[in-house]
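Chain IDs A, B, C and D follow the sequence of writing; residue 1 opens each chain.
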Amino acid sequence: MAHRIPTPSVPAPDIVRCAYMEIVVTDLARSRAFYVDVLGLHVTAEDDEAIYLRSLEEFIHHNLVLRKGPVAAVAAFAYRVRSPEEVDAAEAYYRELGCRTERRREGFTKGVGDSVRVQDPLGFPYEFFYDVEHVERLTQRYDLYSAGELVRLDHFNQVTPDVPRGRAYLEDLGFRVSEDIQDSDGVTYAVWMHRKQTVHDTALTGGNGPRMHHVAFATHEKHNIIQICDKMGALRISDRIERGPGRHGVSNAFYLYILDPDDHRIEIYCQDYYTGDPDNPTITWDVHDNQRRDWWGNAVVPSWYTEASLVLDLDGKPQPVTERDERSEMAVTVGADGFSYTRNDDGSPEGFKLGTQL
Amino acid sequence: MAHRIPTPSVPAPDIVRCAYMEIVVTDLARSRAFYVDVLGLHVTAEDDEAIYLRSLEEFIHHNLVLRKGPVAAVAAFAYRVRSPEEVDAAEAYYRELGCRTERRREGFTKGVGDSVRVQDPLGFPYEFFYDVEHVERLTQRYDLYSAGELVRLDHFNQVTPDVPRGRAYLEDLGFRVSEDIQDSDGVTYAVWMHRKQTVHDTALTGGNGPRMHHVAFATHEKHNIIQICDKMGALRISDRIERGPGRHGVSNAFYLYILDPDDHRIEIYCQDYYTGDPDNPTITWDVHDNQRRDWWGNAVVPSWYTEASLVLDLDGKPQPVTERDERSEMAVTVGADGFSYTRNDDGSPEGFKLGTQL
Amino acid sequence: MAHRIPTPSVPAPDIVRCAYMEIVVTDLARSRAFYVDVLGLHVTAEDDEAIYLRSLEEFIHHNLVLRKGPVAAVAAFAYRVRSPEEVDAAEAYYRELGCRTERRREGFTKGVGDSVRVQDPLGFPYEFFYDVEHVERLTQRYDLYSAGELVRLDHFNQVTPDVPRGRAYLEDLGFRVSEDIQDSDGVTYAVWMHRKQTVHDTALTGGNGPRMHHVAFATHEKHNIIQICDKMGALRISDRIERGPGRHGVSNAFYLYILDPDDHRIEIYCQDYYTGDPDNPTITWDVHDNQRRDWWGNAVVPSWYTEASLVLDLDGKPQPVTERDERSEMAVTVGADGFSYTRNDDGSPEGFKLGTQL
Amino acid sequence: MAHRIPTPSVPAPDIVRCAYMEIVVTDLARSRAFYVDVLGLHVTAEDDEAIYLRSLEEFIHHNLVLRKGPVAAVAAFAYRVRSPEEVDAAEAYYRELGCRTERRREGFTKGVGDSVRVQDPLGFPYEFFYDVEHVERLTQRYDLYSAGELVRLDHFNQVTPDVPRGRAYLEDLGFRVSEDIQDSDGVTYAVWMHRKQTVHDTALTGGNGPRMHHVAFATHEKHNIIQICDKMGALRISDRIERGPGRHGVSNAFYLYILDPDDHRIEIYCQDYYTGDPDNPTITWDVHDNQRRDWWGNAVVPSWYTEASLVLDLDGKPQPVTERDERSEMAVTVGADGFSYTRNDDGSPEGFKLGTQL
């Protein structure tokens, strides 16, 4: 296991929230059909190279950038900071960490100004910005409101081999832990961390990384998520519904995972809970609790554990992926070798739903 | 394949709707906890031997009778007919069919009067009655309305080896087909049949029978069904959620299948469609269409295909089960030997969700 | 009060359900914007003179015809009958009643075949037809499903001066009463009558008539109705929301009343209850019960009581309107002269919400 | 108009959120029946003098204290601060303002520790605390989840004569404005102010004050609010539904106002929007915009403008009420003397719904 990432002597930047993700897609028209025609995200701007999309209640320029490129991957996980000065703070912070940084006063994407991008110690391309173009917030544009409307960007989810190492790094960066999954030997399988007052702005999922597990958008109500499934059925792309819908144990949110045309995973998510108090109780789930990932005990499909998107370095080249050394959550919980329980008083493995797992 | 059941010369009884099911449970208190405490059905009457339950909007005495007995099974599928005379018609009809019948002027269950029970040609215990005690219809008793409220009995589902034979018999009895599942060789796997103006009052599922596949109750909205899952998670009985929630292809209803303490299967169901016109279009699904059973292409667990409840003869003894000769739906669609498609224009088997099937 | 309408010696036609309404609108483009762009009804066909619209789950050609004309009015309340022969039965029935009838083998509207239109004894233009063009039923076209989707035509509502007279006539015609509003002197203010297994296919509202009070479309869930309000707010036509949303006492449905560009009133409606049993309990509401029209006791706006659409005779001329002789529901319940109670055990008039009524 | 409240030289306490309200009720059993049996709030503790209630997702001891007393009034608007030291900060802050303060190390209410209460410059009894007993967070106790479940305390609403004066004071205290209502002469009628990342922790409504306008609890979805109405109808207390349900223009939330047995006003509220960015756009509504208070243009009942609860001083005596000097929102918008529009491009007063206002 790699050594701990040192805590810089300079203050961490004051991060407000996860703000947008930039992803590389291999066929812009095909991706537009998915994100705009199927999911109904709103186009702020577009050209031959990129499409800038936002959710209904967003007032900054975009929550998602689709950029045309040869290899499907993630170009940036972008966070908004509290003031222009905090971009300087971010740059200084990562320089002290010895990370490669790149500052662009005019921004990396349309509609966003002064920004710094870094290759962070876990290998992820992080961006920090404050300056951004305000656009029409469509909150009350119910004339545009689709039956499966996405109203906010909710969070990122990152795959990394060593979760405790990543967790300590993000805690230094000011993130606070809301929930995690562990086993009785102290192995951590995943952790949820937030800046805004929800369960997470990002989460770390243990696995081969750095990779992007998913980016999540919120709906208002559960039926909005069901409509997305129904619509994908009507379009005969139900095979792009990977997992769900269901109720998460962790976060308590109602969820759905779908795959875009490049296999980037999108979560649709609603109704987690308020975490804004300084002593918000942290919840630790037992990895063997069969309701941790799905409160109803429905199966997690293996691809959900194994597949994820590559991430790019600042030159636009895919980062190499390091294998996880520790036990995988899938191995310890799924199938003949795994162990899960439904009722933790007896811990009996009969909790499995017969035949729903490999 | 058995020969066709003859059409009687006397008129079929005029059936209004499926009205109640009587099931034998092995532990009355444990079943009460499930149906009353978990599912919130309303108790019309109860004693040491039986509990009479109804759904919120019901005005007849009961929709479900739990009767204590040594072997979990179904004692009756009861239909309401249009008038007292139609009970006579039912008796004459089944006598001509050579079926054993039993007429009780005082009824077989509390709250129900003059009734006839028959062992029908498929081996199922059917009951027909008109006379019934009216009770308070709780439609507007929102003070009693739980978050997962069951508002109506919707339908029965029966397992029988020879679906076309059963279908012809039920058509003679006045049922009309709304939907079915076939393959290109003309094998029928299941059929949905109605008297009231919904997709079904009963359905035939091809398999070893006679057995009872499930009894279904309706909710008003989809979130009511999600709440039942959430509650079963809270009670740590998520392993009793067998399948779903999901959207059916057939019937278009939002659904959930759960198991009672004796493994009797209950469906929770909402929002199918109106079928009352005489030329209501019948829908035939291809057995290989991966969205026929779940519109989102989610896996049907094997137990759903293989498990079902025994049914009793008029002496209260379990009916012997006959194996289905024809192909099983599970065999032709699930796993390495099966074949399913998501998009029927190409018929490619890639539609499978990787790893979610045996 | 007019004498009772005689019961014909010939059988009444076997009516299946309310099927469509033909309305005259004064500006076809403006009405199209309302029914298609705002409400999302689906266009089956259209030309310079008329637009044929249907709801999502409909398989017959249309549920609403908008026809261009000089005076906003209703040209037909059309019912589907069970067979072609029942059109003959309808013609014979109304001839014996001495009503003017007009038979057209090719139908009165596109997509509908052999039909008879009559000027019924109450002055309404009724149509009866069986033959109809089947069109794509959009039930599972969730790619077309809007957030406020209308899924079925539910019912008509007619204004007539003498409700008991109209009720007896409709009972002869085969309609059954589900609910009514009366006072302790036996005055009937309104009655709900059905053929299909819902609370009504049509209702009679006491007032100056013959006029059309409203035509109602159903949604799947309550949030769909809320979305229609939200969208009308976004379009700054909230002044076209006349009443609601709310919960009806009568019928228990969740409702909304809106006005089209010609002031034709449209109800959006969901979740009434099953009425298909022959002994379905009839509910009589006291006119002074403040929860009869709105279960939450919210005010009925006066225009809802007083305004309605003209209806046409078979020559396309507006029928003259006859005043109601009896007490009006508005007069006996609203404002200083009226009397309503919330709790019927004390009958105290304090139940009024202060200041919400004229 | 009173002069501006001076800004203290010491830092304002760092307020996290509105946390609980303590109200005096005249009949504890009657209030318990309302808050526990009707609304389903969860009892953390109770004795002969007081009942401590919390919402489903709360982890601190209570969100509402019902205390028995002779005069219905509000004893405290309590805010949670970020650390124990911030209680000191609050005490110092109000002392510099010359306000009466009272510090209790053991707290004023059960389950809350070191606290300071103050009579603030507007006459309201504010409390600040950090130390609190953690209790079971019931988030996933779906076995306790009622159909109208209240999941969070959302905000307070205070009536004060001089809104700009109060606004400046609360901005000094660290609150940020999300929305307000003004007219073209610069008169401010109401303002919404937040600490947590929602539209408000408290709002100021112009009127005779200091009084408490309402305290608001959030539900997950809109149907939960409809259920509360339905239940109040079933209990024949629909006359305690004062206004709504509806969609707010301001805040965009779906809302309902109901009255407790002492006429304390409770709002049920859901789905406003995220306000956590430092440059969250502030929305100013024109007081004449008929959709500002209800997006659907439904009437605001006069009592909603005129009625409110008294507040207590630190001795438990009702604060005297000062009349508002400026124009009242009701006077300028409702009825014959008022002016409202639905479409602001023409500003025509025809936007009124005929007959729905005094």
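Keep this in mind: a contact is a pair of C-beta atoms (placed from the backbone, for glycine too) under 8 Å apart; a residue touches a chain by one contact, two chains touch by 3 or more.
Going by UniProt, the chains are A, B, C, D = 3,4-dihydroxyphenylacetate 2,3-dioxygenase.
Remember, it's a predicted structure, so these values are computed and weren't measured experimentally.
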item: Reaching subunit D from subunit B through chains that touch each other, fewest steps; value: 1
item: A-C against A-D, pair bridged by the larger set of C-beta contacts; value: A-D
item: Centroid comparison with subunit C (C-alpha atoms), farthest chain; value: A
item: Copies subunit C and subunit B - interface residue numbers shared by over half, same or different; value: same
item: Inter-centroid spacing, subunit D versus subunit C (mean Cα positions, whole Å); value: 42
item: Subunit A and subunit D: spacing of chain centres that average the CA atoms, whole Å; value: 35
item: Subunit A and subunit C, separation of their C-alpha mean positions in angstrom; value: 50
item: Overlap residues in subunit A, where contacts from two or more other chains coincide; value: 140, 221-223, 230, 233, 249, 295
item: In the complex, subunit C residues that touch subunit B; value: 16-17, 57, 59-60, 80, 82-83, 134, 137, 139-140, 152, 196-197, 220-222, 249, 252, 271, 273-274, 276-281, 295
item: Interface residues, subunit A side, partner subunit B - complex; value: 221-223, 226, 229-230, 232-233, 236-239, 241-242, 245, 247, 249, 254, 290-291, 295-299, 301-303, 342-344, 350-356, 358
item: Residues of subunit A touching subunit C in the complex; value: 140-147, 149, 221, 223, 227, 230-231, 233-235
